[in-house]
Structures are given as C-alpha cells and as structure tokens.
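Next, two complexes with chain A in common: one pairs it with chain B, the other with chain C.
Moving on, here comes the complex of A and B:
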C-alpha cells in the first residue's frame, strides 16, 4: 500500500496525481458555467471534436520528429484547441445558417470529427506506430506518464482558466441570473459567451490527458452536479466543484494504484481515467442522495415529517372537538381517528412525549393545556381560512372545507396575524361555528 | 484469395458487377463472398438500418440520447454476456456473434440508460442535459472498467470500441441483415404511428397510441442497431451513420415517406463508396485507411454537397422533392 502523502510527494506518483488534479479542477470550474447555461452536451461534442486535432498534430509532428519528444504535449494541445474551435464554429454555423436543432448539430459534429480522427489515426498507426501509441493515451486518458515539467505547463493553463473564471464571475452572475440588469449595465452577452466557449475549449484540452476525450464530459458535469446539491451560492458552487473535481482526481489515482495491492490481484489494475470518472460519479450520486438541502433522503424525510405533523394535528383537532374536560382511553383515540393500532400507538407515544396528553387516572387521558392550545390553533386557522375564502375570494361556503383542511397545517404565525387583521378578527366561521382564540399568548 | 486485391476504384465496380452477374447465374456460392463484398454488404446493411432509425431520432430530437446509448453499449454487452453465460452455456466465439446476445445487450443498454436518466431527471431533479451526460459517462467508465476486468474471456478489448471493418465475417452479415430487416419491418408496419408520435405526440396520445411505448420501442431499436453495428464501425462512428443520411436526405425532401426511402439509399451508397475508395487508396497509393473513418468522411462530404445549393439559393425546403 502506498500512503496518501506519497501521492503528492513521491517523484513518480506526484506527476500523474497532481497533474490530473489540476486538470480536473479546470474542467470542474468550467463545468459549473456549463451547468448553469444548460450546455453540458456541448462539452461532450467539443471534447470529441478535439480528437482529430490530437491525431492531426501528431501526424504533423511525426513528419519532423521520429519519436515523440518532450514537446509533443504542447503540439497536441494546440492541435486539439484548433480542431475543437473549428467544431464549435461549425456547430453554431449549422444551428444559425442551416437552422438545425442543436441536438442534431451537436451529434453531427461529434461523430464527423471523431470519424475524421479515426481516419487520421488509422494512417498514423501504419506509418508511425510510436506516435499512434502516444496519442491513444488521449482517448481514455493516461496520466501515468506525466512528469514535473508537464505539471508546470498544466499549472499555468489551470491558472489561466481560474483567472478567466474569476474575471467572468460577475458577468456570469448578471447574465444568467438577472439578464435585464446585465443589459442595463451594458454587459455584452456575446463577448461573455465567446469567453465562456473559449474557456470550455481550454478546459477540454487541459483535461483530456487525465480522463481522455471520450470521458471528459463526465468530469465537466459530475463535480458541478454534486456541488450544486450542497450550495446555492455561485461563489461557493465554483469552490466546491473545484474541490470535488480535484478530490476525485486524487482518489481516482489513489484507487487505481492501490486496488491491485490491496486485493493482491493484478487484474484489478484499472485505468486511471475511468477510475477518476467513477469516483466523480460516486460523489455526485452520494450528493444526490445525502445532501442536506435537496438530497433525496432528507427530502423524503422532510416529506414524511410533514405528513406526520398533519396527521398529529388532525388527531388533536378531533380530540379538541370532544371538549376540554373530556377524558379518553387509548382505544377511543384510535377509534375516533380510524387509525391502525400501530400508527395509533406511535402517535399516542408522540403526543405523550410532547406533553399534549395528560394522564388522568388509570388508562384515562385528556388534552393538556399545551395540547388544547395547539389543537385550537389548528381549528382557528382552518376556520379563518374558510372565512377568507368566502369573504374575499367569493367561494361558496360549502366548498371551502377541503382547501382549509390542507392550509391549516401550513399557515405561519405571521400569516395568521395578517388574516386576523384583514378579516377584523371574526368570531364565527361561514358555518356559524365559533373561531377559537385562546392562544393569544403565543401570538405575542 | 481476395479477387479485389490491387484493383482501383473503377476496376472495383466492374469486378463487382461481373461477380454479381456470375452470382445471379448461380456460379458463385454465398460462402464464396470476398472479404470486400462482406464489408460492402455489412456496411450497407448498417447504413440502411441506422438511417431508418435516424430519421425518427432527429425528428424527436433524441440524437444525443442515441449518443448516450452508444456509450452505454459497452456495459450492456458485458452484462448481457455475464447474464447469458450461465443461462445458455458458453458461446465460445465471444461477443457480438450470437443473436440472443445481441438482443440481450440491446435490452440491457436501453434499460440502463433510460432508467438511470429518468431517475436523475424525475426523482433527483437534475436538469435533463446534465443527467444524460452524467449517466452515459459513468456507465461508459463502468463499461471500460468491466471490460478491463473480464477482457480475457470477452474477446473484447478497448480497441474494439472503434470497430474493425477488416475483421468482419459472414455471420456478421447475418446479424446486420437481421437488424436491417427488423428495422425496415417495424418502420413500415408502424409508419402511421411513427409519423403521428413524431410530429404531434399529444394528438397521438389522445387518439390512443401511447407515445411512451413508441419512444421505448425506438430506444430499444436504436440500441439494437448500435449493437449490430458495433463490430463494423464501433460505437462512436455509428452515430455519424445515424444522423448524416437522414439530414442529407432532408436537404432533398421534407416528406417523411420519401425520407424513409431516400436516407437508407444515401447510407447504403456512402457505404459502397467507402469500401471502394478504401480499396482504391490501398491499391493505388498504398494507403491503408480505416474504412469506417472513410465512410464518415464521405458522409460529411455528401452532406456538404447537398447543403451547398440550399445555402447559395437560400431555399428552406428540400431542393428536389
């Protein structure tokens, strides 16, 4: 087993690890903008469109050098940049001049460019097998051959990306969240769009070495989707996405080195690129389920809790209607509300814990003053809402009960106060029932 | 011995014609097909089946979903193999040879993709483009990982993702022919339903056709077509075959019936041209190029050719029909 720190310090391991971390940070930053613009599939198309550029530059370089040298990385980056730019130009051309739908245009350019890439690669495979091997690394990503020198190059590129994002930050905020304001201060949407697309292509050429052109869009999307689940602030979104991107790159490298050692199975030596994407996907899946604000688990929990509260308030309401002095046995409570014995005992237990039921003798209970107040507030909200519907919205008194039955669980104290003021503190509801008002103290 | 060895572009066609005449007379048995002819037939079959499907995908704006399917195929194939292996015993030839395997792979592929995309979209409320992107990259990464793990008994390396026209065999022809026939039959049989679901899905729903059912059928067929084409042109280039012939045909006509007729024609013609051109380049210039790559290139040129008139004359409708 190689320890975590070794991945950042060891002279063999630090190149690939830090290198792919830098790359994934760049793609994650740009991915956030793409996610906001709903343009993530453009990232997919353009990353494939970079492939012929990679092969083409290798083909060109192979005419000059016999074997790939140290500078091969730069020429590949340049080639990929050019061909992805061409792809972008063609996509917008097809959309605007030929009025193709973006879906078809993206798919067209993606497949055409990839096909040309394959065509060129088949030529390179015959003439310069060494070069062919080298560029195959860009298909599924292979960071293992990165050295310190590459790290420096990529660090500079990532720095440029980060600076651009920093510069773009305010414009992104204006344009995508408040278009009218952006226009009024004279922000040029076209210029920002141009810069965003430049950034996208830049991040693609940076990231392709770590996860490869085929999987690159995964690293554009996954960190942004994951980060979106934890925050709604744009600045925090960028920060978290970068963190998640870098983290998945690190873990991906760590796992791909350590898994075979851990299980003593050579066959577990999995390629780094897919591993990074899998880690990123796992993080976003985790976020989808467990994030505090919008995670599935907590959302389900909150829905459940709300349902339970409604049920509880309905039970209290039912008991309230029997009168203040009335005592109940457990079976009566269950019977009144037509509960199953299981949910009945659960509710009973909850009401006891909250102190809403008071014990009066053996097996006899009655509403405590707290429980009484809670129940009468629910009834009050119900009846106030009925008055409001009839007096202000002109509904017929027969048809307001159902709506009130739902809203009584939702109205806050502020709304209750407003309703009371608006309706001039009514004493009777449309059905001539009194509106209770014995929780004045809570209103304050 | 391949009779097409050393022939150039025109000699290729004259020889093809001669052999066709001989075959009609009954002098040439089916198993005597030269490898060039197998390639030609397989690619033409792929071209026909993809362009039929492609028309609908473009109309329904589902081509990027097809792109997602093309990525998830790898996982579909692996899982089909793993599921079928204990069920039906070993199919020793490996992946992509067996009709059952083909169907199962298509089934798993469309199932994985659709279920997980819908889950992300509906339950987890991720925006649509991001959920598609997230799903297929993840499943592709899983597929690659699985292939690396099981590659030894799958005869399926990461290289196979690119397809290999030169390794095609007679039984590939059988599979591709089956897929093309199935697609053609389904398209003809449900032509009216496709038309109505593609253009006005609400009307279709109110008339009692279930648009969802047809969407699912289309997805399954797309997956089947992709799996069928995968050994010939690989999982990525097949996308070009899906979108280019229909879009090129749309430069000529906007009538759905004629599209269904014209686009397979264009697809098949481009395939024949690709095989002939690849032979020509090899014989005359000693350039060994990937036939699939060449096919995509030809399709691109074809589209450009048909696009030029409408760009110069600013005509929105099809030029001929």
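Moving on, here comes the complex of A and C:
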C-alpha cells in the first residue's frame, strides 16, 4: 500500500499526482467563471472541439518524425488550442450572425468537431499506429505518463490562470452580475469576455492530458457546483472550488493506485482520469444532498419540522378553544384532533416535553401557561391575517379562513408587529371573534 | 438647457423595430415619467440613451453634448428583475460598481471608494447590510441597493427602469423622496413607470410611448385621456405592421 506522502514525493508518482492536481485546480477556477456566467455547456463543447486539433497535430507531426518524441506534447497543446479557438469562433458566429439558438450551436460544434477528430484518428490508426496510440491518451486522459517536465509546464499554465482570475475577479463579478449596467458605465465587456474565453481554452488544453477531452467538462463544472452549495461569496467560491478540484485529483490518483492493493483485486485497477472525475462527481453529489442551506436532506428535514410544528400548533389551538380551565384526558386530546393513537402519543409526548401540558391529577391534563400563550398567539395570527385579507385587501370574509389556517404558522414576530401596526391593533376578526393579545388572557 | 435631446431615433432588434422615429427633448431639472404598454420600447429607450444598444439611426444629445462624451454623467438603475439575485456578490460590492469609471480596468477599489459607497448606503438606510449577500435582501432593499449604486455614480442625468415595481408602500415613498431630492439638486430624471394612478402625483413631465412617440411635455399638457388612449390602444397596429415590413427588407 502506498502512503499518502509518497504520492507527492515519489519520483514515479509525483508526476501524475501533482500534474493532475495542477490541472484540476486550473479547470476548477475557470469552472467557477463558467458557472456564474451560466454557460456551463461551453466547456463541454470546446473540450470536444479540441480533439481534431490533437489528432491533426499528430498527423502533421507524423509527416516529419517517425516516432513521437519529447516535443510531441507541445505540438498537441498548440493543435488543441487552435482547434478549440476555431470551435469557439464558429459557435459565436452561429449564435450572432445566423441567430442559431445557443444550445443548438454548442451541440452542433461539439458533434461536428468531435466527428472530424474521430475521422482523422481512424485514418491515423491505419497509417501511423504509434502516433495513434499516443494521441488516444488524450481521449480519456492518461495521467500516469506525466513526468516532472510536464509538471513544470502545467505549473506555469496554472500560474497564468490563477493570476488572470485574480486580476479579473472584480470584473467577472460585476459583468456577469449585471451586464447592462457594466456596459452603461463603459466596462470593456468584450475584453473581459475575450480573456475568459482564453482562460477556458487554456484550462482545456491543460486538463485534457490527465482527464481527457471527453470527461474534461466534468472537472470544469463539478468543483464549482459543489463549492457553490457551501458558500455565496465569490472569493470563497474560487478558493473552495480549487480545493475540491485539487482534492479530487489527489484522491483520484490515490484510489487508482491503491484500490487494487486494498482489495487484492487486479480488476479494480481503474484509469486515473475517470477516477478523478468520479471523485469530483461524488463530492458534488454529496454537496447537493448535504449542504446546510440548500441540501436536499436538510431541506426535507426543515419541511418535516415545519409540518410537525403546524400539527402541534393546531392541536394546541383546538385545546385552547375549550377554555383555559378545561382539563383533558389523553383520549380526549386524541379524539378532539382526530389523530391516530400513534401520532397522538407522539404529539402528547412532545407537548409534555415542551411543558405545554400540565398534569392535574391522575390522567388529567390542562394547558400550562406556556401552552396557553403559544396557542393564543396562533389564534391571534390567524385572526389578524383574516382582518388583513378582508379589511386591507378587500377579500370576502367567507373566503379567508383557509388561507389563515396556513399563514398562522408562518408569521414571524416582526410581521405580527407590522400587521398590528398596519391594522391599528384590531380587537375583533371579520367573524366577530375576539383577537387574543399575547399577554392578556381572554377568559381569565 | 435640455438634458436630453433625441432626434429621429430608431432602434430594432432582429429586424423588428422597437423604437420608431422618436423625437423629443427634456429640459434640465425635470422628473419625467416614461409611460407605455408592455413592449412599447421603454427599457430600450433608456438603453439607447446609455449606449448599451446601438440605434439604427438618429442622434442622441445628453446635457448639451454628444452622448458619447458625457456617458460618465449618466446614471442607470436597471429593472430589478433583470439580474440574478442569487449571484454571489455582496451589497457593498454592488454599490462599488457605481465607481467603475473612477476605477477602470484592473484597479481595485481603495478605502476612499469604500467609504464613499458606505456613505451612500447610509443615505438609503442600508448601511447595516453592507456585507450581506444580495440573495438575503427583501424586494424593497434590492431596489434601494440599485438606487444607491446609481447615486454613487454622481451623475447629472438619471435613468431609472421601473424603480417602483414590486416594492412596498414605505419603500415607494422613500424612493420618491430620494428622487425629489435629486430633482431639487438640479438633476434630471427619466423614470419608466407602470402605475398610471400615481403618474400625475409623482412626476412633472411625461413621455408617452408605444414604439412611436405618442406625446411628450409637461404633465398637465400631455397626460390626458386621449393621449393615454392612444398610447395603450390599438391605434398603432398599422404602424407596427409597416414597421415590421420595413424591418424585413433590412
């Protein structure tokens, strides 16, 4: 089993590990920009559009050299860069001059370019099999072949990306938040757009070696999407996305080397590129489900908690209407509210825990002062809302009960004060029922 | 002096004219309402004045000069619904956008810029929210934020796109007071407004628009039944048809 530190120091492992970490940091930074400009599909289209450039540059090089040499990497980068740029140009041409819908233009260029790439590749396979093998690495990525020299090249490219992001930070934020206003104050939207596109293509040519053109858009988007779930500050978004990107790359490398050793199964030897993407996707999924503000799990929990509160307040209200001095047995409480015995016991238990029910002799209970206040506030909100709907919004008194049944559980103390002020502290609701006030009891 | 002079302005999107041969001028120091039905080109008029959309033809003169030269003295409040309020940006950062012309490309706002932004936030009663993310603001606060950003531009001509849309009465009153103060300082304001019942009370000048100009002038002269009818009625159906035809041959 290889230790974590070895991945950063070992002369064979550090190339792929650090190399792909650098790549994923670059793609993650650019991915954040794509996310906030709401053009996540552009990464997918342009990474595929880079493929014919990769194959083309190999075809071209195969005419000059017999076998792939050390400089093949640079020519591939150049080829990919040119072909992705051409793709970008054609996409904007289709959108602006031919008024083709954005999605249609992206899909068209994606499939067209990728198709041409596959076509060229099949030709290369027949004529120059060695070269074909070399370029097919770029399809799904082959981080394992990265050496120290590649690491240095990618380090420089990542540095350029990070610097650009740093300098562009505020303009990216301003322009993509409010393009019309930015234009109105004379911001050079086109210059910033140009730089952003340059960065995107740069990150694609950086990333294609470790993750491959087919899966690359995953590493553009996954870290940004995951990070967005945890923060709404842009600076933090960039930082977290870079962290998640780098972390995915490291874990991807780690798992791809260690999984077979861990389970003593050769069949688990998975390639690094897809592994990185899988790790990134897993982190995104985790964030989508478990993030604090908008995660599905917590949202479900909050909804459940709200439903419970409604039920509880409704039961309290029902008991309140029986009067302050009235005592109940457990079966009466269940019966009044038409509860099943299970949910009845549960609610009963909760009300006891909250101290809303007071024990008065064997099996007899009545509302405690806390319980009474809570219930009377719910009724107050219900009736205040009815007054608001009828007097202020002019709705018919017969139609307001149902709405108030829901709103009574929602209104905050601030809104209650606001309503009281707005309606000049009414004493009666539209059905001539008294509106209880928090501190004074009606019957006592 | 005229703050705004527009001659024979025509703007079209995708061959469909949105504004058709507009001529009017607005004297300095007026609070002018732009009124018209949906799709009448009200927002487009503002954007053409700002130079965001390029007109097909016509000339626009602002503050007595060629529009291009004085863009820095024009402030803009876009429609609140035109942006994504979940965008990751803080209240103070939005206001600082109003400082863009002083900053230029690649320069970060300095402490003095931040102080200026804060004093404006205080003016609109939003200082305590300065470090909040905009997604946490209420509708009225969002509108006041947009107005704060425009105030920071320290302009002479203000263009506001439906500043009263979807805000509560208290905010509407506050915004109206702010606009009144700007007018007293001699600024000129052009405001797209939807609520016909308040036009006469809020504004002193009116511009009725329905692709073509229906009327423009002092409120009491132009804002009457006949003109409103013309602006919102179907009178312009024929004009629209002709405009569409002329668009087809472009």
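Please note the rule applied: the second predicted complex is superposed on the first by the 428 of 444 C-alpha atoms of A that agree within 3 Å, B and C clash if a C-alpha of one lies under 4 Å from a C-alpha of the other, contacts with A are read in each partner's own complex, and residues count from 1 in each chain.
Note that in this section contacts are C-beta pairs under 8 Å (C-beta built on N, C-alpha and C of every residue); 3 or more make two chains touch, one makes a residue touch a chain.
Quick caveat, the model's predicted, so the values are computed rather than measured.
In the superposition on chain A, no contact is made by A:25 with either chain B or chain C.
In the overlay built on the shared chain, the residue A:183 is in contact with chain C alone; chain B does not reach it.
In the superposed pair of complexes, A:241 makes contact with neither chain B nor chain C.
By the touch criterion defined above, A:191 lies against chain C but remains apart from chain B after alignment on the C-alpha atoms of chain A.
With both structures placed on the common chain, the touch criterion links A:44 to chain B but leaves chain C unconnected.
Shared-chain residue A:232: touches chain C; no touch with chain B. In the superposed pair of complexes, A:173 makes contact with chain C only, with no contact to chain B.
Touch criterion met: A:284 reaches chain B, while chain C stays clear of it.
Chain A has more of its residues touched by B than by the other of chain B and chain C. The residues of chain A shared by its contacts with chain B and with chain C are 38, 99.
The part of chain B that touches chain A in the complex is made up of residues 58, 61-64, 66-67, 71, 120, 123-127, 129-130, 132-134, 137-138, 140-142, 144-145, 148-149, 158, 162, 234, 236-237, 239-240, 242-244, 247, 287-290, 292-297, 299-300, 303, 307, 310-311, 316.
Note for the complex: chain C touches chain A at residues 14, 47, 50-52, 71-72, 74, 76, 78, 82-84, 86-90, 93-94, 97-98, 100-101, 105-106, 108-109, 133, 135, 149, 153. Residues 36, 38, 99, 167, 170-171, 173-174, 176-178, 180-188, 191, 228, 231-234, 237 of chain A are the ones touching chain C in the complex. Interface of chain A with chain B (complex): residues 35, 38-41, 43-44, 48, 97-101, 103-104, 106-108, 110-112, 114-123, 126, 140, 214-215, 217-218, 220-222, 224-225, 267-268, 270-271, 273-275, 277-278, 281, 284, 288, 294, 296.
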